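My questions will all concern the structure given below.
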Amino acid sequence: MKLSTEISGLKLRNPTILASGILGETGGTLLNVARNGAGAVTTKSIGIKPKKGNKNPTVLETEYGLINAVGLANPGIDNYENEIKTALKSKIPVIGSVFGKNKKEFVLVSKKMENFGVNAIELNMSCPHARGYGVEIGEDKKIVYDIVKNVKKTVDVPVFVKISVHTNILSLAKNIEFAKADAIVAINSLRGMKIDLDLKIPVLSNKIGGYSGPGIKPVGVRTVYEIASNVKIPVIGCGGVMNGKDAVEYMMAGASAVQIGSGVYYRGVDVFKKICDEIKLWMKKNGYKRIDEIIGVALK
Amino acid sequence: MNYPEIVRIAETKKETENIKTFRFKYNKKVRPGQFFMVWISGVDEIPMSVSYTDNFKGITVEQVGEATKALFKMKKGDKIGIRGPYGNGFKTPKGKVLFVAGGTGIIPVASLIEKIKKKNAVVVFGAKTKKKLFFMDRIKKSKLLISTDNGSFGYHGFASELVEEALRKEKFNSIITCGPEKMMKKILDLGIKHKIPVQASLERFMKCGIGICDSCAINGYHVCKDGPVFDDKTLGKMKDFGKFKREASGRRVRI
Amino acid sequence: MKLSTEISGLKLRNPTILASGILGETGGTLLNVARNGAGAVTTKSIGIKPKKGNKNPTVLETEYGLINAVGLANPGIDNYENEIKTALKSKIPVIGSVFGKNKKEFVLVSKKMENFGVNAIELNMSCPHARGYGVEIGEDKKIVYDIVKNVKKTVDVPVFVKISVHTNILSLAKNIEFAKADAIVAINSLRGMKIDLDLKIPVLSNKIGGYSGPGIKPVGVRTVYEIASNVKIPVIGCGGVMNGKDAVEYMMAGASAVQIGSGVYYRGVDVFKKICDEIKLWMKKNGYKRIDEIIGVALK
Amino acid sequence: MNYPEIVRIAETKKETENIKTFRFKYNKKVRPGQFFMVWISGVDEIPMSVSYTDNFKGITVEQVGEATKALFKMKKGDKIGIRGPYGNGFKTPKGKVLFVAGGTGIIPVASLIEKIKKKNAVVVFGAKTKKKLFFMDRIKKSKLLISTDNGSFGYHGFASELVEEALRKEKFNSIITCGPEKMMKKILDLGIKHKIPVQASLERFMKCGIGICDSCAINGYHVCKDGPVFDDKTLGKMKDFGKFKREASGRRVRI
């Protein structure tokens, strides 16, 4: 059974990738995730300066997923070299997630990430709750195009662009392809809210947060399917991958690999191993030998 | 579901000038050493060890900053959010146990001390001054060795010095410690030296409490989930133990 | 306990409204829904001509909700008079849902609906899966403005505008308010997909469908909260209302009433009665006497 | 979960020129009168009564249009999607039962006839011609009254005429009917006249099969959920019974 896959030259031993922001702030933890079977790991989104993020509550469980507004807390790129160095000991690809307020910040942080040795850069243009970052940037397809193009000019490692659910996903995806990005990651969490009935206020200190986990899978699968039907660059699926079948569903929709975030919460840090085993079992039952035979089969 | 349950404060008790206990009904089972995430709405949600583990639960809070100050102002009947218990808690030790608590470190161990047979427990408790000693009623049935930094009560010096002495005098099967990390590091070293298993309860900055945000990470372990209690073997693998912690941003800083 | 509420002059005995497209195609069924306790009923979205809709499968269950692509099947406005007449026997407000390809169709169908006697019009500008209708219209805030304005000019009954999750929800909502709509209904189902792992194709004949039910509630609550914080016209909440607490959550977020669709599937047609009882119980426990004391309490 | 399970056709059997039975393994329990939604991928998903209700389930299909044609082409080993069973099914009748089936109306009742004691069942079965009779093996142990519209077999005329005769001759405790709606309307009227409870199985255009899309509505009832089997009392309240049905668009049209 061959689980290995490739995304624009980046070779993965299997298609499970740790999603950004879950367990990915520190090098030691990234190493531990690699030990637990991930095909690649993504760091927490890193910006130009240390950022405390929002006050708690920042992460909670809701009925069919998690809701979080960590607020892009991160130690800042200049404090991040050692974390990357530690993570790189894992020998699996380390993807550096980058966020910024504008082109300048994205380019600068990406360049430093590359210098620290990451194997790919992921541009987070889709944080659902941090004002002035994320979704607000990802909304404007011209800005996205501009940032991606400039980061691509600056770094040599593959550049992935992580996007959010967007009213006009196709023109956004096409612009990203046009800007020569190496892959699109879809989707980030959905903008959501949970109100506490007892205290009668939104439970997250930031009020609005990102809704992730099993409840968002149908939206993620649809988004991947639509993007994969319309662009040629690889797509990495994300959103509600809990088990092997979810991963297979995303791959059928056209994903070359999947990212797993909330799954770590629901099934533990060895979710990567578990999902790989489940994928293998499914492949065996269904007569598949190589994972790339599955990728995109549901696209007509 | 890892979501705060809103409870009403049923009782408050002043322990020292800036330490208060809050009691409330919360029905989940808790082991000594586990903690809650305590939501003070509009302010913050912070980790607090469970100081009373029976059904009438309690937390004991030292006022240090904004959230603890807001909590301090709360009275009987006020609402706080509780989720948890989180973390592993102490493994119930067998045989003769040496408890070593520094300052607020007594909070998570007190309910464990209460569960251990009187003759099996020796408690070393160090505080800055006499006025900062609390929970004395809860631990007094055990053999007590008290130290204060200024000598206002008991031994004049550090708790670790009392520990060295105790280890010379008696044989212990187990050491349990909670307090400032530099102190715990010393106790760990003493434990290793005397070949006595050590359990130490750590603190790190916490957000999720459920092992996904990575803010409480120490060398690949998560204090909220793998801890807060770690044994000597694990502590030995933690290069940052007693040396580095992480700020809210995740930046690694000296302790 | 007073459950009655009012939306721009439309008086409801309680805040539970049948959402469009669930059980709302025929007059007899609308009557039956009224008998089961609804405060108001919304018809299936009706267009200018009879429309068969998509081939089956059109409605299926997925993990945390339903996924459907009925395809705006409807008998056409000219065959709809008797259904409305039958529904009106219920004596509760009947809301006529209208869809169209353009301003002309929206205006024409709305006018006929009004003539048939409906108590309010709901403009469906958010069907997540029918090409050329729905989301594609709802996307363009200028078109939305134009349609709403013209329908308002033509009819006298209150006009509600039902919108979808939209990247730029606030400017859309403001335009709807500016066009003098009487209320905003949010949200329609999310664009989603389910792929059948066995047959390796999207299970809906239309491939993409609308994802509704409990899994979308955090997105609906967030959207209502954002709209209610920014416009003055009433908001009607929709999306994943399964029980009394869900209804209360939406109302705290600013909804003057809630629509219930998938809830009919999960709890039966008497879901309206059940939810009203649950709301009452909650109000009693929490010392509320009137439902309007709850509306918007979580908006700071 | 109301989601199709993919099964492989295990056996096909030609019943008449344009009626075929498909058998497959599907483990859910089914009552006679219930139906499946049958997914012919890439074509359509259509309601089909369960014609064999044991574990080796069966559907029996008359070829009438696109979907049934596609199904007809399928062979052993091909995959179809099955969800259900849906609907209420027949209430098992007590005492002496008169079954009245018109054409494919025999499909849902055959497995019920098999379950009724031989001496308690009289079956009236009407078809257009002799060639259109099927399932004869399954029902032959009961007393059979056959009619064909052209007289090629049995009574020359309509099944309803045989029913009138049977009701004159014998006392029945229950009537169960399935077939063209105009025929069932006649049977219902006869049942009411003779004060015999009637159960009739209806067909309407179906999409969801689970009572939410309203496409199978008849006067506020849903054939997929409240039916497909209705009793005389309910049928009496349905103004559209025997007169109107609804197209895929929901438009009400004469039957």
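Each chain gets a letter, A, B, C and D, in the order it is written, and its residues are counted from 1.
Note that in this section a residue touches a chain if its C-beta (ideal position, glycine included) is under 8 Å from a C-beta of that chain, and two chains touch if they have at least 3 such contacts.
Everything quoted here is computed from the prediction, not taken from an experiment.
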Chain separated most widely from subunit C, comparing mean CA positions: B
Centre distance in Å when subunit A and subunit D are each reduced to the mean of their C-alpha atoms: 52
Distance between chain centroids, defined by C-alpha means - subunit B, subunit D (Å): 71
Centre distance in Å when subunit A and subunit B are each reduced to the mean of their C-alpha atoms: 36
Touching two or more other chains - residue numbers and ranges from subunit C: 62-63, 201
Subunit D: positions in contact with at least two other chains: none
Chain contact topology (line, ring, star, complete or other): line
Pairs of chains in contact (touch as defined earlier), listed by label: A-B, A-C, C-D
Subunit A - residues contacting subunit B, complex: 21-26, 28-29, 31-32, 44, 50-53, 55-63, 66, 68, 70, 73-76, 79, 82, 196, 198-199, 201, 203, 205, 262, 264-265, 269
Contact footprint of subunit A on subunit B as seen in their complex: 1-4, 6, 37, 39, 41-46, 79, 81, 83, 206-208, 210-215, 217-222, 246-252
Contact footprint of subunit A on subunit C as seen in their complex: 62-65, 67, 135, 139, 165-168, 190-195, 197, 200-202, 207-208, 211, 214-219, 221-222, 225-226, 245, 248-249, 252-253, 282, 297-298, 300
